[in-house]
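Here chain A shows up in two complexes: once beside chain B, once beside chain C.
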Partner chain A sequence: MASVTLESIGKIYPGGVRAVEGVDLHIADGEFVVLVGPSGCGKSTTLRMVAGLEDISEGTLRIGDRVVNEVAARDRDVAMVFQNYALYPHLDVRRNLSFGLERRRRKLGLSRADIAGRVEKTATSLGIDSLLDRFPRQLSGGQRQRVAVGRALVRDPAVFLLDEPLSNLDARLRVETRAELRVLHRRLEATMLYVTHDQEEAMSLGDRLVVMHEGHVQQVGSPMDVYRCPVNRFVASFVGSPAMNMLEGGIVDGDRGPVFKVSSGGEITLPPIEHRGPAVLGLRPESIGFEPEATGRGPLVEIDAVERYGDRGDAWLRLVDGGGQERLVHRGSAVDLPAEGLRVRLGALEEGIHVFESGSNGRRLGPEPL
Partner chain B sequence: MERLAGAYRACLLVVAVVLVLGAFARVGWREVGRLFSEDGEGGVELVLMHWSGGGGQQEDDIVEASIRAFEERNPGVRVKRINPGDSGQYFTKLQTMMAAGEPPDIFYMDFGRMAPFAEAGQLEKLDAWFDAEAAGDDPDALPVDDFFAPAVDAFRLRDGRMGEGPLYGVPKDFTTVGIYWNRDLFDRAGATHPTDDWTWDDFAEAGRRIDALEGVTGAELVTWPFVLRGYLWSRDAGVVGEGGDFDELRLADDRTVTALRELRDWRFGDEGFLARAEAEGIDPGSLFLSGRIGMVGPFGRWVVPSYRSIEDFEWDFAPLPAGEARANVIATIAWSMSSRSEHPEEAWRLLKWLTGPESQDAQSRLGLAIPTLRSVAESDAFVDPSVPPRNDRAYLDAVDVARVPPWPIDPAFQDQFQRTLDVALRTGGDVDEQVAAFDAWWAARQASPLAPTRSFPRMPWGVIGLVIAAVVAGLGLLKWIWLARTRPESDLARREERAGWFMVMPWVLGFVFFMLGPIVLSLLLSLARWKGIDTLDTAEYVGIGNYREILVGDPTFIRSLQVTAYYAILAVPLGQVFALLAAVILNSRLRGVEAFRAAWYLPSVLAGVGMAVLWTWVFRSDGGLMNSLLEPMLEPFGLRPPEWFQADASWAGPPAFAIMNLWLVGGSMLIYLAGLRNIPREVLEAADIDGARPLSRFVRVTLPMLSPVILFNGIMAIIGSFQVFTQAFVMTGGGPGDDTRFYVLYLYNQAFDWYEMGYGSALAWLLLVVVLVLTALVLRVGGSRVHYEGMRA
Partner chain C sequence: MSAVSSSMRSSRWWYLPMIAGAVAMIFPLWWMLALSLETEQRAGAALASGSPFGAFPTDPQFSNYGQAMEEVGTMPWWGFIDALSNSIVVTVLVVVGTILSSSLVGTAFARLRFRGRRPTFVLMLATMMLPAQVTMIPLFILFRSLGWVDTLLPLIVPAFFGSAFHIFMYRQFVAQLPEALFEAARLDGCGWLETWWRIIMPLTRPVAAITAVFTFIFTWNDFLLPLIYLHSEDQATLAVALNAFRTQFGGLEDVHLLMALSVVTMIPCVLIFVAAQRQFIEGLGAGAVKG
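Then we have the complex of A and B:
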């Protein structure tokens, strides 16, 4: 096992297209780090640079203490699980698993029996020992995914790289496999770098998240840190599902401290914050509350639609004033959701309030996290 | 809406019907028009066909002018002229027209190729026409005695012997042969100028002296069959048996063998002074133009127009040297008349006009040949001392000793004669061996059950036609029953089905007429003997005779299979490895790789013939590109590069073609490139990460994933290698001997040079069997090693 260090890593493609710029990241030995972001954000390119599949245009990459910028992929001692698994279609599962060990047999001083033993052991641990003589085309998607993981596992590499390994599985299997990966990581205590565009997957898997956008790292932190304290509007709306509600307006002093005045009308009381003037208010769907139309001071909303999923549900709201086009979403307990067509005033729980600079990707201004 | 669509459909239908009927009407009108113009206006259309060889466009113009002059004098007769190009294309066209039963009325006939056509009854016997004129009092009568007798006799044939019997053509011009010599080189070497009675010893003496000069070759002597016959006559030797008969022919005669040995040694002996131009694929006639060769020949008059452009040195003509005897040969071309002509009177008038004084006068201005009318030949239209050669008289004087070399009717004789002797004369093989080989071949051919002298019953075309009709009717009935049983329920489905049939009809009809028809016909012909120079009803039924002869009595078949297999064993793996490597290189993401890809593919779309000519220069044994490269590499080991298409052709010829084939792998390369592109990038990246080095990745991942493509390309290459034709046809003609006689080339020789269409068809079907067996074998052996899993769905 080893740590991985990226220092000012950048990628410029021929023709001048800049895919990644200035990525600084230290992945500790045994840590599970997830690179997350929308497609085209540079997360896969970063992973491929670590794997050695892409040249590194700028910066320094270390695996352990060794600078590996110029080291070929085969000599970096990394293993990778690809999105489409990339199994060798002409080899059976046994030989798919042993392929990497066979290539390094002399270097590692392994006998054929050693290799066979390791393959058996890995296969058994993943529950694919009954599939060893089958060819990839004879396997289901989930089985292929396991073989792909096994192929990385059996090598016992310094670093595991996983490139959206779950995205080709159906939803149910994805959730199951996610947990298994987590268990696997705990058992192996391996260094893992994992790429996904699914923030939920990222939240549930990673020790730390690295949120990327347009080739830049936006925020690095534990899933709950990122969720509770997103550094800017992009991270705020990308992490969390449904996405955070955003309201344009400004902060003024009210009777009991700062108050956010929504542009289209209504106001929301804020926790202590220094900023005054134009800003954007972010509200997590689960921290939205309601007050009666007559008594409340918040913006007036109408309940457009209500969706219930068993114990929980979402209510889709529309701001009545100011054109009535802006939509918000509230998540709460299924039994407490307001009825469709009802008009209420919006309120907010303090812990779900975030204030950002105005502008498309404004910085977070506060309040201090609880 | 519904009505609009209906109107639209109706319009389309009308347009389609008008177009189709229009096309038929156009063709039909031509035929009808022909009928009317004959009866109504009394007009007659004659079809005339000729080629333009050395005379080029000039010859074309002269024939055209002669025809126009004839039309002026003969109102009511129109002449349609066809000129397919050179003599090779000409005879293919003539053969096709005759086989179709529509031969031209008047056409060129080469003396060397006349016999098979006369024998097939295609040529009108002209004696009766001459006699009728002589008996009448036509002022335009053209007595046959006005022509040079030896030239006329060249077109007589009786009982398989040329020189006597009925007359099948009137020679338009002719030539005797001799040696063209470079006066400047003779003077520099201090050699005695040739005289009209010089001998072969004089020739050899002059040749050696000139050869001793720096950078100059003594002479080049061509060994074409009819020229070789002249040489042998001058040595008082021959190729005909005692009774002047080919049946008991033996080349293995002391005088013949001695004369041939001497000729061989002039080129390959210690004091050899002859160039090897022909064996190297260089036109020996144009070699003279370079001014670096003392003498060339024996050529006729035909080289004169091009030699008149020589300005750097003086040259002249000398008759064929004398040996034990004085002799010469005549080469001549006649106008022949079709025995199937519908307008014999008019055709005869045209033939007479074309060989008459005015036409001959015009033609002799070309200087290509000697007019056949004595009066024209003696006139200043031919004998003109103001332009070289000065010695015009030598051509005419030689006529007294000149003869037309007779050949047996079997066209294979001349071909095989040249093939066998060339091994000795062009590439230095053993004379006695080759002579013995030829005698043995001829004896075997005479004794073969398919010998041309034997006859067989006619093909029962009527019965065959009935059987085919019955089969077609039976199949049609079955189809109809099947259609009736599976008839779709709904009206719409039925209309759809009809439309479907209607739409595939163009393809189905094309397939039946242009693919299935010829396939069935060639299968039937493989059971027949048919010359292909007469209509199909003359075909004779020989049963499995062709197949039996090929399999038990044809050493050339075995040899051609060996040559082809040898080639295939080299060319297929070599070509595939080369194509794959090229594809791998071109698959890399390099700047400008697209241009390279185009460059690699380019040779595959270039004309085969032009390429073959190019490669002839590359493989020239003396000074060719290939040997210039190899020589310094082989020298340290005391080795010499091979004479690819000459002395070493038996082992180096097919490999040379295999090397050439590397130039043509663009097609395979493209398919490999597509295959490589189809391999998912991630799988290769997985191998990288798994620790595979590039070579190991290629062998363990790329190759297995490419295996279906390799199998496909391999099979296509095997099939292709058994169909090699163009390069060998152009570059070596199969020679020397049969060393580069590829299977399809031999097939072509049989069908189009020897007029054995049935035999050729049988060869083609056997080739199909060979290729099928090989393909099945490859599929069986290779199939289990192919990983189709690698193919993307």
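Then we have the complex of A and C:
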């Protein structure tokens, strides 16, 4: 196992397209780090640079203490799980697993019996020992996925790289496999770098998240830190599902401290914050509350639709004033959701309030996290 | 009656031209087979009568085959054995050479990013448009200066430099294989050559089968090149020996033996086609990736 250090890593494709810029990241030995972002944000390119499948245009990449910028992929001691698994179709599962070890047999000083033993052990640990004599085409999606993980595992590499390994599984299997990966990581204490566009997957798997957007790292932190204290509007909207609600307006002094005046009407009391003037208010769906139309001071909303998922549910709200086009979402316990068609005033729980600079990707201005 | 059954009945008439076409295709083969089993007199009579149905071996002479093989060349049996082994050596080496070189070059065109890849590829394709007759004389001069005339080398060595058509086929096939397979192989420790040998060669078996059959049949039956380069009797391939056999017996006198030898010459082509047929159908790409 080894740490991975990226220093000002950048990627410029021939023709001048810049895919990644100035990525600084230290992945500690045994850490599970997830690169997350929308498609085209540079996360896969970053992973592929670590793997050695893409040349590094700028910066320094270290695996352990060794600078590996110019080291060939096969000599970096990394293993990768591909999105489409990339199993060798002409080899059975046993030989798919042993392929990498066979190529390194002399270098590692392994006998054929050693390799067979390691393949058996890995297969047993993943529950695919009964599939060893089958070919990839005879396996289900979930089984192929396990073989792909096994192929990386059997090599016992310094770093595991996983490129959206769950995205081809159906929803249920994905959730199950996610938990298994987490258990696997705890058992192996291996350094893992994982790429996904699914923020939920990222939140549930990573020790730390690296949120990327347009080739730049936006924020690095533990899933809960990123969730509770997103550094800008992009991270705030990207992490969390349903996405954070955003309201345009400005901060003024009220009777009992700062107040956010929504530009379409209504106001929301804020926790202590220094900023005054134009701003964007971010509200997590689960921290939206309601007040009666007559007594509240918040913006007036109408409940457009209510969706219940058993234990919890979402209420889709529409701001009545200011054109009535802006949509918000509230998440709460299924039994407490307001009725469709009701008009209420919006309130907010303090821990779910975020204030950002106005502009498309404004910085977070406060308040201080609780 | 319903429209369906009447249209089915009318479509049956299409079988007539198809059957006629099939008969026309099969007739020369039948003629060859029939004459090869006739006695000398009956074969000669059938030929002289000019009737296409003149031959029907009521008393098949299987000994014609042995006699035909014995009489190739000046040394009994050895002429035939020489020609057969020359044909086998040339054909096998040409098939192996074409598959190895074409797959390697095709892989490079499909997977390696190198400067001038497109123009080189177009240039390679352009050589397909060049008739073989155009290069015949320059090639002869080249091989003569190498001292290769009257050896099998001019027939074999060019195959190890690829064939444009098969390179093109390999390129198209390899380009369709998922990129992730090659990346997985790279991470598993394969260099380009090893990836080609361990991943691409097994996955392109259907292309190899097509290449093998085409190349085999073409090389086995090729008459022109061996005729140009091979002069001595012991260097002749079967196709050349067959021709010599015809002239040796002064035209059509021993037509039954000529036909027997033709049948013998044809057998390997039929066998290789049947053997490779399964490969054409089998799809090996299935199961590589999800999809």
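The working rule: the second predicted complex is superposed on the first by the 370 of 370 C-alpha atoms of A that agree within 3 Å, B and C clash if a C-alpha of one lies under 4 Å from a C-alpha of the other, contacts with A are read in each partner's own complex, and residues count from 1 in each chain.
Note that a contact is a pair of C-beta atoms (placed from the backbone, for glycine too) under 8 Å apart; a residue touches a chain by one contact, two chains touch by 3 or more.
These figures come from a predicted structure and were not determined experimentally.
*Asks:* Both complexes share chain A, so when I overlay them there, do chain B and chain C fit or clash?
*Replies:* clash
*Asks:* For A:Leu139 in the superposed arrangement: first (chain B), second (chain C), both or neither?
*Replies:* Second partner only.
*Asks:* Quick check on the superposed pair: does A:Gly100 touch chain B, chain C, both, or neither? Answer first, second, both or neither.
*Replies:* both
*Asks:* Go through the superposed model and pick first if A:Asn168 touches only chain B, second if only chain C, both, or neither.
*Replies:* Only chain C is touched by A:Asn168; chain B is not.
*Asks:* Tell me which partner A:Met246 touches in the superposition: chain B (first), chain C (second), both or neither.
*Replies:* neither
*Asks:* After superposition on the shared chain, which partner residues are touched by A:Asn84: those of chain B (first), chain C (second), both, or neither?
*Replies:* Both partners, chain B and chain C.
*Asks:* Applying the document's definition of touch, where does A:Leu188 land relative to chain B and chain C: first, second, both, or neither?
*Replies:* Neither partner.
*Asks:* Select, from 62-70, 152-160 or 512-520, the region of chain B that bumps into chain C once both structures are placed on the shared chain.
*Replies:* 512-520
*Asks:* Residue overlap on chain A between the chain B contact set and the chain C contact set?
*Replies:* Residues 51-53, 72-74, 78-80, 82-84, 86-90, 99-100, 103-104, 135-137, 151, 155 of chain A touch both chain B and chain C.
*Asks:* Provide the residue numbers of chain A that touch chain B in the complex, in ascending order.
*Replies:* 51-53, 72-76, 78-80, 82-84, 86-90, 99-100, 103-104, 135-137, 151, 155
*Asks:* Given the complex with chain A, which residues does chain C contribute to the contact?
*Replies:* Those in contact with chain A are residues 178, 180-181, 183-191, 194, 198-199, 202-203, 284-291.
*Asks:* Quick one: in the complex, what on chain A touches chain C?
*Replies:* Going through chain A, the ones touching chain C are 51-53, 72-74, 78-80, 82-90, 99-100, 103-104, 135-139, 141, 144, 151, 155, 168.
*Asks:* Spell out the residues on chain B that touch chain A in their complex, using ranges where they run on.
*Replies:* Of all residues in chain B, those touching chain A are 680, 682-683, 685-693, 696, 700-701, 704-705, 707, 787, 789-790.
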